[in-house]
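Dropping a structure here in structure tokens format, bear with me for questions.
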Amino acid sequence: MTGEVVLAARGVTKHFPVARKGRQVLTRQPRAVHAVDDVSFDLRRGHVTALVGESGSGKSTVARLLAQLYPLTSGDIVLNDVPTKVKRGKSFRAYCKQVQMIFQDPFASLNPVHTIRYHLTRALRVHHGRVKGEELEKGLASLLERVNLTPPERFLDKYPHELSGGQRQRVAIARALGADPTVLLADEPVSMLDVSIRLGVLNLLRDLKERLHLAILYITHDIASARYFADTTMVMYAGQVIEGGDSETVTQEPAHPYTQLLIRSAPDPERAHNGVPTVTTAPGEPPSLISPPPGCRFAPRCPYAAEKCRTATPPRFDLGESHYAACWLYDSKTTDEHPRRDTVEVGA
Amino acid sequence: MTPVLEIRDLSVDYGQGEGAVHAVSSVNLVLNRGEVLGLAGESGSGKSTLAYAMTRLLPPPGIITGGEVLHHGRDKPAPVDVLGLSPKQLRSFRWNDIAIVFQGAMNSLNPVSTVASQLEDIYRAHRPEMSRAQRTKRSAELLRLVGISADRLGSYPHQLSGGMRQRVMIAMALALDPEIIIMDEPTTALDVVMQRQILEQMMRLREELGFSVLFITHDISLLVEFSDRIAIMYAGRIVEQAASEDMYRASSHPYSKGLLGSFPALHGPRRPLTGIPGSPPDMRSVPSGCPFHPRCPSAFDVCEREIPVLEKLSGTNGDSSRSVACWLNTPSLSGHPGVGAT
Amino acid sequence: MRFLLRRALFYLVTAWAAITINFMLPRMLPGDPVQAMIARFQGRLSTDAIASLYVLFGLDTESSMLSQYLTYWGNLFKGDLGLSFTYFPTPVSEVIAQSIPWTLALMGVTTVISFVLGTMIGVYAGWKRGSWIDALLPITTFFSAIPYFWLGLIAISVFAVSWGAFPAAGGYEPGLIPGFDWEFISSALYYSVLPALTVLISSIAGWILGMRNMMVTVSSEDYVTVAHAKGLPEKRVMLGYAARNAVLPSISGFALSLGFIVGGTLLVEMVFSYPGIGYVLFTGVNAKDYPLMQGIFLIITMAVLVANLLADVVYLMLDPRTRKAA
Amino acid sequence: SSGGATKSAASGVLTVGMPNGPQTNNSNPFLATSAGASLGYRFMIYEPLVQTNPIAPSEKGTPWLADKWEWADNYQKLTVTTRSDVKWNDDKPFTAGDVAYTFNLLKDKSALNTNGLPIAGASKVSDTSAEITFSKPQFVNENKILNSFIVPEHIWKDVPDPTTFTNEKPVGTGPYTLKTFTPQTVTLSVRTSYWQDLPKVPEIQYTSYNDNSAQTTALASGAAQWSYVFMPNFETLYVNKDPKNHKIWMPAGLGIHALWLNTAKAPFNNVALRKALNMVIDREVIFQQGHSKLFPKVDNVTGIPSPAGDPFIAAEYKGKTAKVDVEGAKKVLTEAGYKLEGDALKDPSGAPVTFALTDPAGWSDYLTDLDIIKNAVKALGITAEVKTQTVDQWTTDFNSGAFDATMHWTNSGATPFEGYQNIMDAAASKPIGEPAANAQGRFNDPAATAALAAYAAAPDDAARKTNLDLLQKIFVEQVPAIPLVSSPVGAEYSTKSWIGWPTAEDPYAPPQPTQTNALQVVLRLKPATA
Amino acid sequence: MKSALNGKTIAGLSIMGFFVLIAIIGSWIAPYDPSAMSSDIMTPPSGAHWFGTTQTGQDIFSQVLVGARGVLVVGLVAGAIATVLSVLIGVTAGFLGGVADEFLSALSNIFLVVPALPLIIIVTSFLPDAGDFLIAFVISATGWAWGARILRAQTLSLRQRDYVEAARATGERTWRLIVFEVLPNLTAIIASSFVGTVIFAVLSVITLSFIGVASVSNWNWGTILFWAQNAQALAQGAWWWFIPAGLCIALLGTALALINFGIDEYVNPRLRTSAGGSKVKMRVGFTPVLRQEGGRS
């Protein structure tokens, strides 16, 4: 069963309408934040897929779309080979029994007025009917045990503020597990946690993946942790997935200039002490998502940008076993010579 | 290496009496002229408190309960104790000698006044002799220094992106050409590309202007890359201090080791991550003895009872700047008679 | 822009609703101006007068609600608020025009003073939190909890009747002709001291408290700490950084209260026999004087709306964040 | 302030105050809503044909603009001879034409005819003689007719609508002209010439205070020298502030305040209970506590106030005053079959006697009266309840008979007729549930109704006396209402600056500043120092 | 949970509790029937009449005791109704958003703009036999809008909170989200708006009674002042008729305000004044240095 696709995004697109201002009211030109544009990927059982990208690149939006918390603008979300669109009510509950989400901030995702018991009880009851008494207690205990909060009695009647960040995130995970989901969408599950605690939570997730064969979408802005934790990694830039593939390949042999920039920018203790020259990073900022630049969205910052990059959106180019990048540099039709990835180096 | 700032036995409490939180306890730290001193530690370990205490900017109910902060002025004969300054002296000391770039740069700018007015405020307070035109000119220069075009002077903070705001803060810190700049997690809210841009710029400016930096962050790999020396804090105390290379290659304190082992590396072999078990202590009830002992894999009986002192460690390559507060590193431990009144 | 459009729509809807309420309210409720008038005269107006009064007030003819409503709107657009019954046949607009300057002057000035003073004290109290000035808060709260008619009556009894330092009633020396001469103005000022003080004392606490709390909140914002770190003079930090931000929420409250001064002065005017609009409204209510009630209500509502508009504009000016990026 | 008082006295100003709130510039004398009516200054400008005295209504009036007046056709036709030496204050002469015009105006504009006079027509006979005809005998309205003030034809004939005319520059025959108007204060100054001796008061200042308390304060401080305002405990509040000068005189008119009983339904459909109730109410307490000694008590059993009504009281009731007699009341009740069971009084059918006493919320004097009555009937074993209503509800309930007992005033006129008519005229009454113009207590005694009709149309004094005596007898025996106090035509005034006021010893006129007779008072005033 | 009880709140709650007690037992412990007249007319405070007597010999102490109930009943009932209204409207508007929000916000804005006191006076003066509950209802009808506005704003921000979103992602129904996730977090604001409305209602009912619009035969402190003013008690020197009721109103108002302080400080901990007994003066921007001999290690 490991490896089968449970949840897939097919050309998922989300545009948030923007309030029109002033004169635009008259011209009636609809405007929207192109938060996510034509994103496709698969989540497989027992497989962690990382989604990496800088702030505002649309990672959370993808997660929320997959959780059906937002309606899609276009595209499909395919659950177990069935395109699914749910809004609320029964079908929504049936959907989220399969697909559960973990939020970035464990300090904010647990209601401060409710005990851990309440949170977990609700998770059980919503998806398993009115469990009561013994059965409920057993359910609660097993949930907490699954996230290594033992002994369970010590945590059940605490309020969120009485727990540490790592413990809270574990509770949030336990709550998600309450539904017995097949897919976990983890939106930056550790970025708000202390460095020393992060690892514990990530290891827990990995453990769950292995034991429960969950399909996990791991969203992060820390590409190093993607390398450590995820099987496959996708890189997002300005609402689009620009590179994807096996984590090791993506991090060690980045193909897209943006990925390369990202990896060069990540802090690296070795750099200072190995005499690696400090890098000059690409100038500029991510583009406006309201009127994204035509063509490749990274083109305005890209040192290799050619004319074509500014006019045509690059499709995915396969670069090898499951590795792909959306960059014209890899279009064999335009360039005879396949640019060696390691030669693509900014600055120099 | 001449010290520019010397912190001696500094202790800070939040609140008084029974419920007081001892956020910083007897910290000794020296910042040398021209160096970047990194300060790392988990959230709540007292890094910001230490930084604010040096300039007496703690929010109530923070109280400095002991110690000295000696500033060796560039052209002052004797060091002055910042903690003993009168409000007037303190005001003139601030920004002239120590500037701070705060943790939440997003909120460090007054939302209702322009960048220019916030920059010029500094000159109006510290350089009253400057003319209006001079002030404007200087402000424009500062912005250019951090890579922002001068026509942004009239902008309000909300009109700037996060990165720009952080740069404005850095420009502001440079306004009076201070000897020391404290940077309290200046880039946590930014993404890695922007973070690198800003830090590299900062390092270039340091090269040019020669100020010292106290660089606070919990991202130890960042520290290793950018600072000369690193001090690690845990539960309000410095537990280890070393040149950054030493710290990276061979840290001695179990906590430092754990911290370093919590960062996945992007390059090189996929080394296993150890992490640190347990969770940071509640500062209201810090464990007795070495505060780290409940989480320490190699704790033994003394650790539970006595607080280790920060002791010089003959470094691997004879570097004397290295010190650590851990009983493991005390060879004479067997000679210790157990508990002594401290 | 969109913000302003939305606001404009809000103003239109509210104005329409308020005017319609104005129209409906007196008509929905029982009562009869003629009977009220007879009752007011308690036997000094004989029952024979009833018939003549119905004729006089034009209440002897009936028309449908809808046609009345349309006529009402038509007249409104002509600026015609009808004739007051209480002061028959003086037009309502004239009654209002005659009384509203008093209210505006007394309450307007008092409200401004109260706001400015209260805000200033609040700024200081918030800045010096934990000092003796905190003890001031319960005291001012106590004063603000006193109903101000009571405070006013005590003030009259102490300062006007027993001591005789201030006049007990009226807006100016009887016999003076209102005009822009010193004699009149000084007399009006003198007569306004007691009512103004009463209003001031009972309203200032609100401003102090609101401002203090905002100051305390704002004082721990990072930008205030940065201002301190910059070594700015304390006054500059307090005013330019903390107070400047803390005052924003008070501004809209202030504008609102400016709007409500027209409606909220009834008791002051009753107690001090002040010739303002609150008292006239009260008279109108007792006399079932629909046209007068409608007119005053309309004015009050419009005043509140205008004040709201003003608040929006001022807010827009003071808070750059609500302005659109250049 | 007291400063104001000294200033006005020194400068020869008479300061009048009324507690009526801000005024609008309106001197239309016909409108009760005008400042002229509210403050009373209309009578300083407009003069009546004859000055009649409401506190001595049976006296013949003092000729004023009319030298002579004669009734004919059983009070259906009035011939007036006017003075020839009178000038309007715009120097135009006053003629009988103005009189005819005024009465025709009242006839045409029913909105201005507040007395509801059935005027058939008026015409000028000569420059000094006018003839007014009525459609009904007007004996009972005589004083109202003679009291009517006259407006100048040459001004009013050009007024498009006299009912909405604000008359900002009033032209009258009186000795004063309007000098300045402000909403707070109206100043009148004396004319240069007048058909009588010019008054000694050069200027009168009418100030309107917002309420009784402000008015009282002004009187106490001397800022107002003359007013009519209800004040509790006038000794403390007013007289004692300057016992030498501060005077109060509240002579009774013929209007009274009575406890109206609903005689058409239980419990007051039983005359025994009405009588008993009448016997337990202490009028002295009502006078002192309920009305603070300001409203003269009405203790003659006929409900006719003294001394104004003394000439009308039937011989058999002269000097008969109502007294508290609880034992007597109990006897009356027992005789009628009422029983006291335990503490509670049961009516002949065995039902406990209870009733509600209603009046508008906030009418403190009436409510105090009701409280006193409520406490008084406890002695009979009756539980009464005081209930307040809004004025509107109360008025509606009163007119439609939806009450048990309520304090209410009666109409008043030149004779006790209006009062009796108001209480007992079943001809103008309606069944319970419909608004009645008179006899709101639904008192229905055909003898009384007949007597009232006969009185109004009676050809001579003898016939009138017979009918009035009969009405008094019915009133005393049937107790359709319980008279308690009279409406005074009084005033507070100060002798500090001005003397010559009417007093109980010299009751030449009622002292009230808003009465027609106020002009007579002002004409008699002299500076105190002179 | 953090204790919201500080000196001020405790003082406020104690005074409030005292008045509530009086409101409950006042009519039993009153030494006289408050309406009963006696021959002790206008007597100053004495052993027999603690607060003196009125013009008609009524015992003012009894009136004050009995009158507490009217004030508190109207205040609390109006506060409760207005709070329920403001929660219903504000929270619904904030949570649902869209057209419902536009409509409900417009509604509360209109009620905000319409001047309350004149409206209350007009409505009550027309209402036949305006009893306490009716008056409370009218007051609450004009007093809910402010609370609704604040609650709407707060709900709007709570709706965006992760825990609401997380609960939704768990599969909770909308009504459960509102009732169990959002509402509990609004308790402090609801409490504060309740207390605020109670203050408003208390002052309103007293004003109404004072100007004689509300029924003056039901005793409340405003009624006492109405009669006192009618009898011009102050001018007559009968201060005892005037002072107690006024002080009671002021005390009740202060108590409510103090409770609100407590709630404010609970919601915004920064407002808390430093705990008593601190010898060090905290000064913003200048951290005090308090070197202890020997220090700690």
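Order of writing sets the labels: A, B, C, D and E. Residues in every chain begin at 1.
Rule of thumb we're sticking to: a contact is a pair of C-beta atoms (placed from the backbone, for glycine too) under 8 Å apart; a residue touches a chain by one contact, two chains touch by 3 or more.
Predicted, not measured: the structure shown is a model, and the values here were computed from it.
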item	value
Touching chain B and also chain E, the following chains	A, C
Pair with more cross-chain C-beta pairs in contact, given A-B and B-C	A-B
Chain of greatest Cα-centre distance to chain A	D
Centroid spacing, where centroids are CA-atom means, of chain C and chain E in whole angstrom	22
Averaged-CA centre spacing for the pair chain E and chain D, given as whole angstrom	46
Distance from chain C to chain A - Cα centre to Cα centre, in angstrom	56
CA centroid of chain A to CA centroid of chain D, Å	91
Interface hub residues of chain A, defined as touching at least two other chains	none
Contacts with two or more other chains, residues of chain E listed in rising order	125-128, 211, 229, 235, 274, 278, 282, 284-286
Shared-contact residues (touching 2 or more other chains) in chain C	30-31, 129-130, 156, 161, 220, 225, 228, 234, 270, 286
Chain B contact footprint on chain C (complex, rising order)	129-130, 220-223, 225-234, 236, 240-241, 244-245, 248, 318-321, 325-326
Contact footprint of chain D on chain C as seen in their complex	30-32, 35-39, 41-49, 51-53, 55-56, 83-90, 94-95, 98-99, 156, 160-161, 164, 166-178, 269-270, 272-275, 279-280, 283, 286, 288
In the complex, chain B residues that touch chain A	42-43, 161, 163, 190-197, 200, 203, 218-222, 224-226, 244-245, 248, 258-259, 262-268, 270, 273-277, 279-280
Parts of chain E lying in touch with chain C, wherever the complex brings them together	8, 106, 109-110, 113-119, 121-123, 125-128, 199, 203, 206-207, 210-211, 225, 229, 234-235, 242, 246, 249-254, 256-258, 261, 264, 268, 270-271, 273-274, 278, 281-282, 284-286
Parts of chain A lying in touch with chain B, wherever the complex brings them together	54-55, 164-167, 194-200, 203, 221-225, 227-229, 248, 251-252, 261-273, 278-282, 285
